[in-house]
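Listed next: structures, encoded as structure tokens.
First chain A sits with chain B, and in the next complex the same chain sits with chain C.
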Partner chain A sequence: MSQATLEIRAISGHAGSVPGAGVKRELEVCKLIDTTTCIGCKACEVACLEWNGLTFSETTFQNSYQTMPETAWNYWNLIKFNEHERDDGSLMLLMRKDQCMHCEEPGCLAACPADGAIVQYANGIVDFQQDRCIGCGYCITGCPFNIPKFSPQARKVFKCTLCADRVTQGLEPACIKSCPTGCLHFGTKAEMKELADHRATQLREHSGFAKAGVYDPSGVGGTHVIYVLHDASDPEVYGGLPADPHVPWTVQLWKKPLKWLGNLAIVAGVAGVFIHYLRYGPKTVPEDLQGGKP
Partner chain B sequence: MSTPHLLPNGRVLRYSFHERLVHWMAGISYVYLLLTGLAFWSPWLFWIAAALGGAAVSSQLHPWAGLVFVLAVVRMYQLWGAQMKKTPADKAWLEAMPHYVRNEDESMPSVDRFNPGQKILFWGFWWCGLLLLLSGIILWFTDAIPWSLRFLRYFAVIVHPVAALLTIGLFIIHVYMGTAAERGAFGSVVRGDVSRAWAKRHHQSWYESIVGESSAKK
Partner chain C sequence: MTNGWIDIKNTDMMLIMGGNPAENHPCGFKWAIEAKRNRNAKMIVVDPRFTRTAATADLFLQIRAGADIAFLGGLVNYAIQNNRLAKEYLLNYTNASFLVKEGFQLPENGLYSGFDPATQTYDKSTWNYQEGGNMAGKAAPIDRPAATAAPAPAVLPPNVAYDLALEHPRCVFQLLKKQYARYTPETVERITGIPKDQFLKAADLFTSIRKDGDTKKVASVIYAVGWTQHTVGTQIIRTAAILQLMLGNVGRAGGGVNALRGHSNIQGATDMAGVFDLLPGYLKMPRPEDTDLAAYLKRVTPTVSKPGPWDSFSYWSNTPKFAVSLLKALYGPAATKQDDWAFHYLPKIDRQYSWTQLWDRMYRGEVKGLLSFGMNGVMIGPDTKKNIAALKKAEWLVVGELYPDETSEFWRAPGTTTEQMRQIQTTVYRLPCAGFAEKDGSFTNSARWLQWKNAALPPPGDARLDQDILAQIFLRVRDLYKKEGGKFPDPILNAAWSYTDPQHPSLSEVTKEINGKALADLKDEKTGQEIKTGQQLPGFAWLKDDGTTAAGNWIYCGAWTEAGPQLARRGTEDPSGLGIYPNWAWSWPANRRVLYNRASCDVEGKPWDPSRKQVWWNEAAGRWVGNDVPDFKADSPPKDHMGPFIMNPEGVGRIFAPLAAFAEGPFPEHYEPMESPVKNPLHPNQSNNPVVKKFTTAEDVYGTVEQGFTVICTTYRLTEHYHYWTKHNPMNVETVPEPFVEISADMAKDYGIEGGETIKVTSARGTYIAKAFVTRRIKAMLIDGKKMHQIGIPIHWGYRGIAEDAGKTANTPANLLTPTVIDPNAFTPEFKGFLVKVEKA
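Let's turn to the complex of A and B:
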């Protein structure tokens, strides 16, 4: 049995069986981010840096409150700020905490060729195991959310772990712990969905946000990080949150049909030339047979 | 070519030292690329990377080996590009290919230095090599590609394995032809020479031009 406290449900680049597939009862965890009550204080950004002991590096100022343009290998949690002009001409400062979405069907894991470099725990957390990572960067291509980031120093890829180390010990992730407004929640997926739906209904019925809703994209099988948005019909305005994320179709084509076709073709090719030799033998030059080497 | 093709020992020089060197520069780098590539292609073959010094090392060296391969192929193009050009006679040879497959070589039209099969191999590796180079550069610097240009990654991730699979098909046939099937061919790319009979049998037009060339000198 695995020494890991968390049961493993899926393993990248893995040929054999998976130890934790359906063995134990385990609740699926979920982080709920209510963008309507976020004040952009960045306590979650600091808590993430502190708990994970990440290094500091220079960033780029882009005339906004946003700390840097996108998450980095040493910056896994970033609030995306967008001054959004609504249809009636009024302005809204949208703030969305961006980090790994912990997809139910993770594109990073599907694209990864290294055995065990990316695992999905039974509780839904998708975690990178840097000791197994080979630094190829395929996970970067597989991710529809632009989350995995390559560290040139380590030659490995890093991202948010949903504080798997804290969750193992029954603690909530560091970002949740630090949030002063309570816009961040952590619990089971079922509980968080219920809370999110409740909040969205409240926004629709009492706060004048007729299009308020919950972001839990089905294109990646749902996510273990879900959002409440003022306007769920246009997630793109929240710092580029994809409206309908999918694992890129070329990645799916490569990992499914092409893999089987390719394997079949290689085996058929080797068998074909072998059978040809059995049937027809070598090409010989008649004159050579009478003397001298070919 | 300055080196005379008819050797003093009565044999025919098929590939010069330079040509052999370039061939093996391509061959050895290709085998390394194939093995490490297959390791990343399928989890069932991941052990190959472990055997070659670890998967992290393999993924770091794979692109460099790719550059060596591309250099060799470019040099091959300079050496053989002109001789690999399609000629009107190729059509007849390709139509007669079932005889070639059945080893009925006496029924084949005579060919120059490279037969149309070899030309297909060469151009197959040339064009697939170009696709592998372009997609390979994108995959090598994946992290440097901005999010707005992510379609480049999506393109590379499918083009690279498709082009590689095509070269694997060519490679299987090439290795089979060059070792087991066509006796004398392997020696030609190692030692460089073939017997007169071999040259006459498989590349008659080429052989005749060599004989003509050497008798013209006398």
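Let's turn to the complex of A and C:
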């Protein structure tokens, strides 16, 4: 999507100042997912496919209602189903909508060596710019939520954009629009936090979920996608939601003193590709991938 | 639904049973979530499987498929024993105080009084009220034998005997108490497999709305085909109705007995008589003994039957007006008074023509051809094999469809050899039809709203609108009758067909015809309002039995008036905040959103809960007024004690359903499914529904535990798929790509089955092959003390579709397994709770 319509806060692999930084501060957006009212209907999955024009892929039955084991380069929004037995022996069917968390301190962006391949807008959305992506996959190691996915055909990495294209036009993301139960909400971070806290309190006081709470992990500076959980003390049971996500230390290290070194390596890599091109000609893109995005 | 989708948000308590709204009605389910979020409403889910609905419930109980009456009967018993009753409601708005005839016997041995084993039918003459007025304090002669005098005609007595103290041993309440006293928590556990402590927890929670005499709170019962698809389906729903009447929940915002419809227009199909024994608007179909209109009307028009001091509107007493107006709509000028309004044109049903029975007759070679529109007949009926065999015997088959479906390709069903195909003589015509987005018209949803829609795009290629195809067939058949005559050409030649373009009737014209119009100038003497000849009627109160009005369906009268298509309204105002939205679309009857809403007030006409005011009596105006349209005689003052259930001749809700209302008895009784793993613990000698008749062809076989069919099986839909359509759509297929069988982790262990392994499920009729879905969401159960397994099969796959065409499934429709046996009231097949065996494939 066009970068012109959104104010940028941070840019991957970029030396020097961020264009327009400090000029204007937009409201920070946030998606609230109330897992306690999600019914796993997958309307959000399909809306995501449709809005983003993602290609159909073949799936197989995996002894679960879950569409596939994890999100894919062409499947950015996945409900994770988990049968969880509580201490009293009663069963819970946990359904958590998994997608990019749009971290305040995005590990992917920190890890990315390509100038402008990942940007963070002032509204909090972390967006990949595939035209700048070099397919190195560093962002994948940088993400504590296992979100960016490499497309072997496009040789680029893809993930949820929080429908940045819709959001700039004043619309909610496609998943929010499609959700029938209203378990998804969209607004400013402050509003969503308040709504989430309110719901968590209700769950504690009226529904017997003493440990209900809000997931907005501080290890990544908070996220622009937050959850209400029945049991905030144990997010791992929701299909491996990390209890205390952090950007890996290797990436943190890389981000600071080692980055210039890495940049050198990248330059060498790009040079290698250029030499490859000179010798063998351009790589052909598979037909179904021609014509832009995934 | 007695109430509506949005109204669910007003509830304090939900019992969701026999339905899985989160998966099958996800958009409507938002209102259940709203109730939880905004009112802290509680949700109890009872289902054979822990579904995605159960995932949001406060309490989930796993029940054996087919044991619903035992559970609900247990709740009735619990409410009575613990005095969790709406006393004033029960007394004044139900027939609890009515006295039942001597000779009526409860089914302690499994049978009500009057059973004839030879014909498997009941003589229902004792299933009636006593004649006689106030009987308070007058003890009944104990155990007087049934009157053996000459049988009186089976009608309800006009002056019903009653006891407002509810103490008379023959009063409905005492009989009810006695009937369900047998449904103790222990018995409930034996039959349903729900442990006693869990049952008691649910019973306490559900009836807690009437704790300590509270009359403000309200509970909703929400169900779908998980209740209807049993040999006792209608009686399951009856039990829920009894429970809701006892708790005073019918007619109230957030209450009711709410059937969730599984298709966008199933409610409309029923309203418009997509059922063989009905005419539009729930008028009864004539029978051969109805030799003329008068005889028919005498049989079907009820007469008032109530305690002397009470009043009853008995709205069905207007049946003659509805019937004559229908005949005028059907036959136009040919329906004249001299000619008995062309009543003799109407077909008379000499037998039952329900779906399963029709296909049975096709199988027997008695039905020569089939027009199949809007359904995939091979897939939807019980026993796919029999249905395919039936089509082979038909001379012709016309299928109107969007996709190449299993019905139009029955001749190449898996396992059919080329040689066998050559033998099939059926001529198949497959007509490409328009899809829902390519047609205009209306849907009637579960909430009884008629909603007009526009076509989004024209049908592609050669596809045509259903009404165009039907018009072609009709016009050509009429031409043939014109040219060649026939046994009885009149009904065809004289059928009204006055559309602007007879070849392509527009659905707006059809809808206006259904609403009805004046055939002469009409005047309301009270208000002075006039309607001119040819004008659309504003409502069914204008219908006449003298031929001056025509209406294709009296309950839809008001949907398309002179003011325009009311069903196309899109007003989003909701002044009361109760989700009534009076200007959105149009709800039958008369734009009422909650049926029987008079019962939302106490006897004085004041709302039980002032924070949920629907209608109320305005003394100054001398009228019932409110946020909703009062479902009542608007000027009947509370002191007249007119009953709120105006469609019953009693004026009150029927806890005891007298006479011919139901085939198997005035109170529901638990009977085992036709294929059951146990003998009925209540009465082993009368295990099944006594009036259910089995089909008798060679295909109609029923399995037993002795034959090795020990596993209980149920079928259902998934949220990711829509019946047999979406298997052609890549996105749906991506979300759930393959068929599977849900089995419990306990069973997987017992059988040595791994998740994802291919297994074979076999019933007495056929075999289903798919991968095992091993889950903890189903558990082994103790039924009557024995450990039993229960499995579930989604119905969506057949032998045409993306996965099927790619050779990724075993091409076995789920209904290969299901038995040909039906509910004797609604004729719905028993798709839930039949017996199978399970093996590794």
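Criterion: the second predicted complex is superposed on the first by the 251 of 294 C-alpha atoms of A that agree within 3 Å, B and C clash if a C-alpha of one lies under 4 Å from a C-alpha of the other, contacts with A are read in each partner's own complex, and residues count from 1 in each chain.
Just so we're on the same page, contacts are C-beta pairs under 8 Å (C-beta built on N, C-alpha and C of every residue); 3 or more make two chains touch, one makes a residue touch a chain.
Only a predicted model underlies this, so the values are computations on that prediction, with no experimental measurement involved.
Touch criterion not met for A:Val228: it reaches neither chain B nor chain C. Legend: residue contacts after superposition of the two complexes on their common chain; A:Val167 is shown touching neither chain B nor chain C.
Contact with chain C, but none with chain B, is seen for A:Leu49 once the two complexes are overlaid on the shared chain. Of the two partner chains placed by the overlay, only chain C lies in contact with A:Ile39; chain B stays clear of it. Within the superposed three-chain model, A:Asn63 lies in touch with chain C and out of touch with chain B [touch as defined at top].
Looking at the shared chain after the overlay, A:Leu78 reaches neither chain B nor chain C.
Those residues of chain A lying in contact with chain C across their complex are 36-37, 39-43, 45-46, 49-50, 56-65, 67, 83, 85, 90-95, 180-183, 199, 202, 206-208.
Chain B contributes residues 39-44, 46, 49, 55-56, 58-60, 101-103, 105, 139, 142-143, 147, 150, 153-158, 161-162, 165, 168-169, 172-173, 176, 180-184, 187, 194-198, 200-202 to its touches with chain A in the complex. Those residues of chain A that touch chain B in the shared complex are 13-15, 70, 111, 113-115, 133-138, 140-141, 146, 149-150, 152, 155, 240, 248-251, 253-254, 258-259, 262-263, 265-266, 269-270, 272-273, 276-277, 280-288, 292-294. Touching chain A in their complex are the following residues of chain C: 22-23, 26-27, 29-30, 33-34, 36-37, 40, 50, 52-56, 58, 60, 719-720, 730-731, 734-738, 740, 755-756, 771-777.
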